[in-house]
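Heads up, the next two complexes both have chain A, just with different partners, chain B and then chain C.
Coming up: the complex of A and B.
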């Protein structure tokens, strides 16, 4: 064992930190669900009971929410997986032209925040103000049918699009690892190409595909922004928005305990699916048909369908990335909302951008966001690194438990985590954290810890143990070894995790909205949410345009760093 | 220079406790080349890593020079970075993010004693020229061949001029031809520097050709410790005779005790070297190397240690002819000159020269 592990003190430190970060909010969440007091601050063990559960689960509205959620999740997963599978199949198994656009473009769609994408579609398809609906009315008169985005269908459509990039990235390697000989065997047995795909390819993919579907289902269940923008105004609730509505109710005295009681179902579903997912993954890995053969099967000839297929790909990219950006860019230069026309183009101004510069809250929110995001990304990266160092390299007794603890937040939706921390910060009021950006930072750090430690585990495993030991026997102390061996060798992993966290922390609105107190801890996502709520569409468009540009650039940097890492590994081998 | 006493090391794996080292003691003299030889899993690498300080044993004492670096009794455990050692790892552990120069300079820059820029430069140059890597200073380390990486690892281990050099299977990742060349170079280099060396390998040829003393290990213990020639010619245990080179084993019972005694086997009585203090009637195993067995051609010369058998298989190896001969219920392998004209099925008489027959306790 390395000399680092001789210092057992810091092992225990890391362990205790993660233990308290994960278990403290969870225990408060569970205790709070039994609290009969209105506010978390009034919580005491003497005011406990089943009232919240009775109230929540006897309300027929809850079952409507349940039905909505099921429809929304299944619908969006079905749409997302179908699209992703088609894209993956087109690039991996056919001779469609322009594949590079898919490989490069599909992951890029991750850069557009869901909240902004939903807003862009509202600007297009809102029954009242949507550009497309207005054009329809101009063409066919006031009786013309409108396409309403404020529906379950609208939510399914958008969330379906949002699920595509991750599902695509998971499905491509799955398809690649499949032994082409199995398909060729079907072909020489007389099966036609499409029946080979149906009877062999899809069957072989099945275990992996189910795992991807469960994973995407969890994502859809957890997402707040899409149902928040599209469902809340129309009163269509799913789990995540219902919990938010209970806590942030404008008309009633909020009943926090009820939110917790509702969150329990959520938590249960999340824990069960995570358990099933990890089991499925291990099974899928057992069934994966991997061979070391270097050759690729001959791609299926699409014939005259080659270009229509590419057209569908471009339609997807247009819907997910180009269109939202263009809508925002356009709206950001308008003095007031109007459908595209020559007059509208002539009347364009920089008013919205100027307004941003003058609007004091924007400056504060921007500063807050930069600090919050930088602190969150740095904290997540460092904490993940040290957790993984203990998990992968030490003989610490609790290293397996630590690994599982760090993975637990993965199963907990951001909104639920937000509520849990809300209780912690309010109840432990001797810590001056509630209402500050540190509250949001801590919440995010814990939430992203699962991703961070997965990446770091893999990255540390890549650093051969003898590289570390060679430094010790060369006379380097543990911290010098960290500095001169680990940090430089793992720099790509550090940068990767850091930017990933930045990309996510800057755009997610759910948890910050729960922990939001006032201008003091307002971040960009909340500012956009609030401005949208209050109808400052022009300002939202201006902020959104700038945010999208920054996120796209960051995504490009990540891709570039990824390529460089591959290049370096190639040279090192 | 390196003294290890009653070392015990156990560790827990997913499959339970492993008792990797069971009470090993060894003493490497100043300037000696000591090799721990054994099959994988015998505890030789664990022992080396304990000396380096990379593993902390449960029991025992280790000292390097006059410094006690580990003692379970006195609660001393000096971390590796405070031990005066140089080490070459099996994977070479060349840091891929550094140049050749920076790799070699690392131990100097991390040393307690501060070296000036010029000193570092001079020492690195000297170390690189020792291993014939002159002129490659600025090359990024990953752009070296396997053999060059191995020499770079050696330069890095030597640059501080440590009191002891620890080598963990440093040749096992080289191809066969390069390994042969490097064996002699390495031995010559450490002898020239007169540095005390502890070497770990599973390759008997490396152990025999390079070492001053070989310790043969099995299941966490040293079974025999002796110079290479003695290890090969007079193995004290069946395991040693079998692990190093090839041996024929003939089971039998002692008929006449003494330094040179007589053993009754199922195929006849053989005169052989007996271990100390065996008594008549004790069961023993006679070990003899295939190359020591000869064809009994001249009946007038000698009457002792002759066995008759039938040739079962003849394999042409290029530089030798290997035969398998059935003698009674036992099988004897022998190596003959390639010009021999033995054929399969032929009945031949074998001579097992008495000095080459060693009886081991069964």
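Coming up: the complex of A and C.
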């Protein structure tokens, strides 16, 4: 038994911390769903009842929301996985040229926040003023067909694009590590290449693929920004936006209990999916496709389709990164919203950038964002590491439960988690947290814990116990072992999780929208959301352009560092 | 003594330079920013001749404000506009550091109240409570401002009898339209014409989900039956686009051509947009729905003296002119209800006008919202979130 695992006290400490971070807000969420008081501060046992459930679940609109959500999630996952699988297959299993652009470019799409992507597509495909729709009308006259982005189809298209980079990153290793023997056997038996792909490759991938689909399904279910930007103006609700619509009120004090009652659906889904996902992962060894043999898959010759395939890849990158960026860049110089024309180009101005410079709130939001993101990323990384250490390395009685607890928040949308924490912070008002950026930071840390612990579990498994035991035998204290052995070996995992959290915390608006109190604790995502809502399109375009440049640079730095590390490892080998 | 014409002109000739000198001397006592504002508006300094009297307050307020040294203020002005507004105040009261925050209606009205109930006072002065005033009143969250001297400058109906709010400027909630898409002859002279002119059909008209800004007043002026008939026809026959965006966002979309026009739109916002060269203008069918934007001080505000000084200054002529220069909102001050302080005056003056007041807000608004929500939801609009 390793030295670290002897410290049962801190095992309990980590367990209790995660237990309280996850279960306390969820308990308040459940309790609040029975409260008829407007605010958590007014909550008392005498205000408990079934009214919220009756109100929410007797509303026929709720079932329409359910149908919309199912269509939206299924459609997005189908599109996203199909695209990601195609991209992964092209780079791993074919002789398509320019693969380096795909490896570098696809993850870069993570740098474009979904909210900004949706806004850019609104500017392109709004039925009457969308730049593309206007071009179509100019070309084919007023009777030209209109592409309407404010539809369920538009939401699916965009969310599908958004799911690609993560799915791609998950599928590439699956494709790469698959033993090609079966495919070769199929080829030898006379099967055609595409038939082999369909009947052998895809079937071999099936278990991993299902796990990726479940994960992505949960992500799509959780997403608030895209249905918020595209669905709300058209009155198309999914669960996350419906909950937001209940608590977002400009005239009345919102009835938070109704939002809680609706959120119970999510809680149910979270419990079921967590159970299914855990079961699936625990049975993964049945579908092992990596063997001890050395192998190198034979790339499929695409023949004359090599360059068209590359073209399709570039089209994806164009839609995901280049087009939103160009649209925002253009709109950021406009005095008011107008389609591209000579007159518009002549009237371009720096007014929006000047406005940002004068906006005191931009400075406050930027400072808040930097602090919030840095604290969240650090807290998530450290907490994930300690959770994973208990889960992977110890014989602690509650380690499996701890692992599941850490995973649960992934299946709960940020907006629901936001409401849950809203209850906690308002009800436990002796904690001076509500209305501060720490509230957002705590909420995000819990939400990102699932990703953090998945990464850390894998990374800790790669560090053999012998190293830890050798340090113990040599008389090193546990914390010294942590510092001298784990920290250097796991630095890439730490950096990876830290940057992943930064990239996500900076772009997600759902939870901060619930937990912010006013201009003083707003972060950049809220500022952008509010500015868009209030019609400051030019200013949103300016801040969006700058944010995209920063995030793209950050992603390039990470990729560059990653490539250098791989290159160094390759040279070392 | 009766002056002969010749003597009269001689006296005038002699006194004119003296008068100019006195006026110049008075103008020099005004803050520099105020002087520039008067120049910009081509107004004589004499318009502010009673400013010193208007700004007289108990010494304890000044001493208290000096100790506090700070004022927090939530409103809808863009920060550059707020800078313009606050410049004279900063010159007059250099010991008060004003912390201005632009806040959406929800932030101002609902989140501030949530925080207040959680014993957190996030601002000293807040504005634009429109439609949410009753919630503040219910929990006693507003300070009685009746001891603020310049409250008397507000005509009846533009301040709360209990002193809980004071009107800060006027708003005329009518209609904005795209000048490239709508001809002047198609503009409705009365609200009924929106129902009959086909130009507003096929989604060419956009409706915001804030009926309390305009329909409430139409209910007051024309009565319940008229309004219900009008709204029913509007939703079922005209079938406007039902938009969830804020009023400013709708205006932006009108300028871009997403729809031909939008209801409601305030004159000062449309005017600002025209200054950017956007192809929009403003029209007001009769009766004109008018309202005042409210300003209040949160009870228990830590900078209560600075807040009192600020509200008093804001309601003075100088404050009212400064707020007009900053965003073109018509002043509420009884001596400044003039054509030169009213954008699109030709669309407003001389027409039948109704004012929104808290009494109708408390009595009629719940009934209106219930009726409106029914039509809105049946027509596929988004619930306001009650």
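By definition in this document, the second predicted complex is superposed on the first by the 474 of 573 C-alpha atoms of A that agree within 3 Å, B and C clash if a C-alpha of one lies under 4 Å from a C-alpha of the other, contacts with A are read in each partner's own complex, and residues count from 1 in each chain.
The rule is short, and it goes like this: a residue touches a chain if its C-beta (ideal position, glycine included) is under 8 Å from a C-beta of that chain, and two chains touch if they have at least 3 such contacts.
Here the structure is a predicted model, which is why all the values come from computation and not from measurement.
> Looking at A:477, would you say it contacts chain B, chain C, both, or neither? Reply first, second, both or neither.
first
> Quick one: classify A:247 as touching chain B (first), chain C (second), both or neither.
Only chain C; A:247 stays clear of chain B.
> Once chain A of both complexes is superposed, is A:485 in touch with chain B (first), chain C (second), both, or neither?
Only chain B is touched by A:485; chain C is not.
> Thinking of the overlay built on chain A, is A:462 touched by chain B (first), by chain C (second), by both, or by neither?
A:462: touches no partner chain.
> Going by the contact rule set out at the top, does A:435 touch chain B (first), chain C (second), both, or neither?
second
> Once the shared chain is lined up, is A:44 touching chain B (first), chain C (second), both, or neither of them?
neither
> Is the number of chain A residues in contact higher for chain B or for chain C?
More residues of chain A are touched by C.
> Let me check the overlay on chain A: which residues of chain A are in contact with chain B and also with chain C?
The overlap between the chain B and chain C interfaces on chain A is empty, containing no residue.
> Touching residues of chain A toward chain C in the complex: what are they?
Of all residues in chain A, those touching chain C are 39, 41-42, 126, 128-129, 232-233, 235, 237, 245-255, 335-338, 347, 351, 355, 358-361, 426, 429, 434-435, 516-520, 530, 532-537.
> Give every residue of chain A touching chain B within the complex, in rising order.
The touching residues are 1-3, 6, 395, 464, 466-467, 469-477, 480, 484-485, 488-489, 571-572.
> Please name which positions on chain C make contact with chain A in the complex.
Contact set of chain C toward chain A: 74, 78-80, 83, 100-107, 109-115, 117-120, 122-123, 131-132, 135, 210, 212, 242-246, 248-253, 255-259, 273, 276-278, 369, 380-386.
> Applying the document's contact rule, which stretches of chain B touch chain A when the two form their complex?
Touching chain A from chain B are residues 11-12, 52-56, 77, 79-83, 85-87, 89-93, 95-97, 106-107, 110-112, 140, 142-143, 153, 156-157, 160, 166.
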